[in-house]
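Report on the following structure.
Per-chain residue numbering starts at 1, and chain names A, B, C and D are given in the order in which the chains are listed.
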Amino acid sequence: MIEIQQESNYTPAGNKKTFKYRLYEIIFKSDTPAGKRFDLLLIFFILLSSLTVVLESLEFFHTNYSLYFRIVEWILTILFTVEYAARIYCIRNPKSYIFSFYGIIDLLSILPAYLSVVLAGSQYLLTIRILRILRIFRILKLNRYLAESRYMIRAMQNSRIKITIFLSVIFSSVLIIGSVMYFVEGHVNDGFSDIPNSIYWAIVTLTTVGYGDISPVTGMGKFLASMLMILGYAIIAVPTGIISSEMIAGKKEDVEQKKFAGRCRHCGSSIHELDAVYCYKCGTRL
Amino acid sequence: MIEIQQESNYTPAGNKKTFKYRLYEIIFKSDTPAGKRFDLLLIFFILLSSLTVVLESLEFFHTNYSLYFRIVEWILTILFTVEYAARIYCIRNPKSYIFSFYGIIDLLSILPAYLSVVLAGSQYLLTIRILRILRIFRILKLNRYLAESRYMIRAMQNSRIKITIFLSVIFSSVLIIGSVMYFVEGHVNDGFSDIPNSIYWAIVTLTTVGYGDISPVTGMGKFLASMLMILGYAIIAVPTGIISSEMIAGKKEDVEQKKFAGRCRHCGSSIHELDAVYCYKCGTRL
Amino acid sequence: MIEIQQESNYTPAGNKKTFKYRLYEIIFKSDTPAGKRFDLLLIFFILLSSLTVVLESLEFFHTNYSLYFRIVEWILTILFTVEYAARIYCIRNPKSYIFSFYGIIDLLSILPAYLSVVLAGSQYLLTIRILRILRIFRILKLNRYLAESRYMIRAMQNSRIKITIFLSVIFSSVLIIGSVMYFVEGHVNDGFSDIPNSIYWAIVTLTTVGYGDISPVTGMGKFLASMLMILGYAIIAVPTGIISSEMIAGKKEDVEQKKFAGRCRHCGSSIHELDAVYCYKCGTRL
Amino acid sequence: MIEIQQESNYTPAGNKKTFKYRLYEIIFKSDTPAGKRFDLLLIFFILLSSLTVVLESLEFFHTNYSLYFRIVEWILTILFTVEYAARIYCIRNPKSYIFSFYGIIDLLSILPAYLSVVLAGSQYLLTIRILRILRIFRILKLNRYLAESRYMIRAMQNSRIKITIFLSVIFSSVLIIGSVMYFVEGHVNDGFSDIPNSIYWAIVTLTTVGYGDISPVTGMGKFLASMLMILGYAIIAVPTGIISSEMIAGKKEDVEQKKFAGRCRHCGSSIHELDAVYCYKCGTRL
């Protein structure tokens, strides 16, 4: 939604393209050759930045190549800062960008580098740059994946109420069973020493993850855990059923749109009945 | 079902609303502004009560803020007791409420506080108040979630027999494989020292939870475990298939009900187009 | 199939029912009051027998109530032996019962008790009696669950080839990835010390069970394990899709059979076309 | 695709079949009795070879039967080498085989044995022979499983974009949550000491495998882990929905193709009943 707004954000005065508008086209749009090249370059730098964050966390790289990482980090930071400034400069309404979801992510991922100059021991803070990876979705959004994404998002939106009910059942189940397990195992098992931990265990169990860092030891606890497992194993069918039925409905619509029989020559209505003799709108004989 | 009964439970004599009836409307109904406000207030207190139970179980809060928790607990207990009494007072047939599912939950969640005065060491007993969270479903039931809930419940009711068969297969499988594992691993592996524990392990494995607190050590045990895992991995498809097919059938009914617009008075053809003006078969104006 | 054979196995000579035939009706059929009572009694004894096996495995019961278990065990063994003999006596073709699936189970579940007299230390052998629980399916088969069971079995039979391909992919994946992990982790990780163990680990991982008794320690091993997990997480969709599509197809058939428009008065063919004017078989005007 | 190319690769000059062509028919085709026998023999040797690899990895067999394994290994290597040479000899365009997927696998699975003569300590290298099991798919491809396989592969191809989006969401989620967990737990929990390990943990959790070799210890870490588990538990519905809807669409096409019997020559109505003798609309004899 924000993206669409931004695109109509800038209507050039007359036909002559100013530098600002040309920059806008390159940075915000992706249907020109320059815009596409810019997007590919951006994806490359985002992936490079993410790789840097991941590798720098490794003891080996951190110890031996600290200097190189520092250099790459600063080059990337400067590049992304320039890009951020350019975005603000060339858009007509900067606020619509600055306070958008991706505007905040852009800012968040350049700030830590500057903060690391002021604050010491900000190694962990630099991790925040990984959020930059989310920007790839913005870039991908502008191409042919858009239609399919919308299709899947619509399926989820249609099932909003069903998903809410499903999540309510999940949360109530883990809350109640977590509390009951605290009641049953709390005094003999350290893993259930408080309700938040018991709820954490219930989520680990219901979702069939099952770390085993906490597991019941009493007979009653094992019985309740078994019930929770079977519940978790069975109700996974519910979100699956929801999404499946929405996707099938979406697919059918597509198929039916392809099927339709023709158009009335007189009023132009689409005729869906294959054996129609008269137009259902104007009564013209077909 | 119970709810519906309760709503028709009280027909006011004449048009003048007595205090008792007005109270009934506020507490049991939710279509008046006062009723809605009461419901929201109730949800707030239920969530507050649940939060109290969860936080109090934490060592830190329990040690440092014990007094505050005691105060909040008693205020909430008195409020819920007043509500419980009011419900009994204003309903025409109190038994229909007292012995209903939610009536019992209401009682169960106020009792522990009073019992804690008489009995010592009832810290764990107070956990029972968490059941109060179930009441949120009663409140939500009265709004637009109702239709969707029914839809999902109907899907499950339609598959009652299929689900029974599925659960029978699950229970027999874990019973038999649990016993066989006791036979195979019992004398070398402490985790399989009796059949109930072996069945517990079989449930942990079949549902793909896999804590790892009990795991096979012999070759034969590992082979049987592998078979059980693949079984569990494959038959998850069955409940999913059941729920999916029911949901799709339900969805189709909805779509078809929306589609079917009426019939032509002249030739009797069904008119599927909602905006049809002429019959598509005989051309008669509808 | 076997059941149906057995039912038509015995046609009484004339109308007078012999003792043998009356016994046959009670034991093998379930549509008479006596037959139903026999089935319920049998289910009760099967569940009691299973419960005995489960409880006897517990240290506490085994030590303290050994004598009572021995008594119950012998009473049940004698009862099931009498039943086994009666089944052979009253059926016309005893071989069709003796060598049937349930006939073998009946024999297997009475043998251990007699063997325990001859052989010492047969505690584990007695576990085999738990197989008796499978007989409940035979009893349930004769009632209304039959239709639904068949429905689900047919769905699986229709997908036979798809399921075979799916299982082949599973087995090849765990075989290859198990071997590769032996190659990668074998020399540093005891859990991958031979290929059978590595395959066991691969099954534990692919099916998302994840005990954690064996887990990769090298970077390469963790990377391969991650790939296997995502594979396992994604291809669970395949059996689900198979069963769902079969169940939906089955459901549609049911719905369509209910929809059908009527029958031709002349030749009796069912007319499925709602707007049919002539019978499609004999050409009679409807 | 490659297979089909190969089959049309060799057109015999005239009707007389040369030795080379007869060999080609036996090795590459499977519709002659000799071709079928060759395929069965090949499957037997492939399974024997795989079994050898698996058993040899076991300490017990490796120590006691080393010589026997060496002999079987060399016999199999020579057989597969002869087969490899024969394939190159009898095909018209050897390159199309040598550089095909299966050609490379054939070569890879005979090379290790020869390398083991030159290089010492190649015990682990021999594991590569297990790849030979993949060749079974080539053989199976040529029979009736082909149609069903294609059906499933088509379903996956149709959902290519949806699956790409799904995998992008998965990878971004594990990357971001893995990094955040490194930030949250890194300084207190050895399991999250670097981002690659945190990502590994995130995959283990999202896919609901849950080994438990790494698990969160802080409250915040447990909270984030819970969110990730619920995400993983819920989005499994997406690939399931994708595959289900594709399979149902594929199934419907099949059913519709079987259903449609023809059209009435007189009035042009479609006749859906396969055994129709008269048109259901105008009564004309078909």
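The definition used in the following text is that contacts are C-beta pairs under 8 Å (C-beta built on N, C-alpha and C of every residue); 3 or more make two chains touch, one makes a residue touch a chain.
Model, not experiment: these values are computed from the prediction.
Comparing the chain pairs A-C and A-D, the larger number of C-beta pairs in contact belongs to A-D.
Counting the residue numbers used at the interface between chain A and chain B, under half appear in both copies, so the two copies meet with largely different residues. One inter-chain figure worth recording: chain A and chain B are separated by 29 Å, centre to centre, where each centre is the mean of the chain's CA atoms. Measuring from the averaged C-alpha position of chain A to that of chain C gives a distance of 43 Å. If you average the Cα atoms of chain A and of chain D, the two centres end up 30 Å apart. Residue positions 196, 199, 208-212, 232, 236, 240, 242, 244, 246, 248 of chain B each touch two or more of the other chains.
In terms of inter-chain touching, the protein chains here all touch one another pairwise. Contact residues of chain B toward chain A in the complex are 50, 53-54, 57-59, 124-125, 127-128, 130-131, 133-134, 136-137, 140, 144-145, 148-149, 151-152, 155, 163, 167, 170, 196-197, 199-200, 203-204, 206-213, 232, 236, 239-240, 242-244, 246-248, 250-251, 255, 271-273, 275-283, 285. Within the complex, the chain A residues that touch chain C are 208-212, 240, 244. On the side of chain A, the complex with chain B involves touching residues 161-162, 164-165, 168, 172, 175-176, 179-180, 182-183, 186-187, 193-196, 199, 205, 208-212, 215, 219, 222-223, 225-226, 229-230, 232-234, 236-238, 240-242, 244-246, 248-249, 271-273, 275-283, 285.
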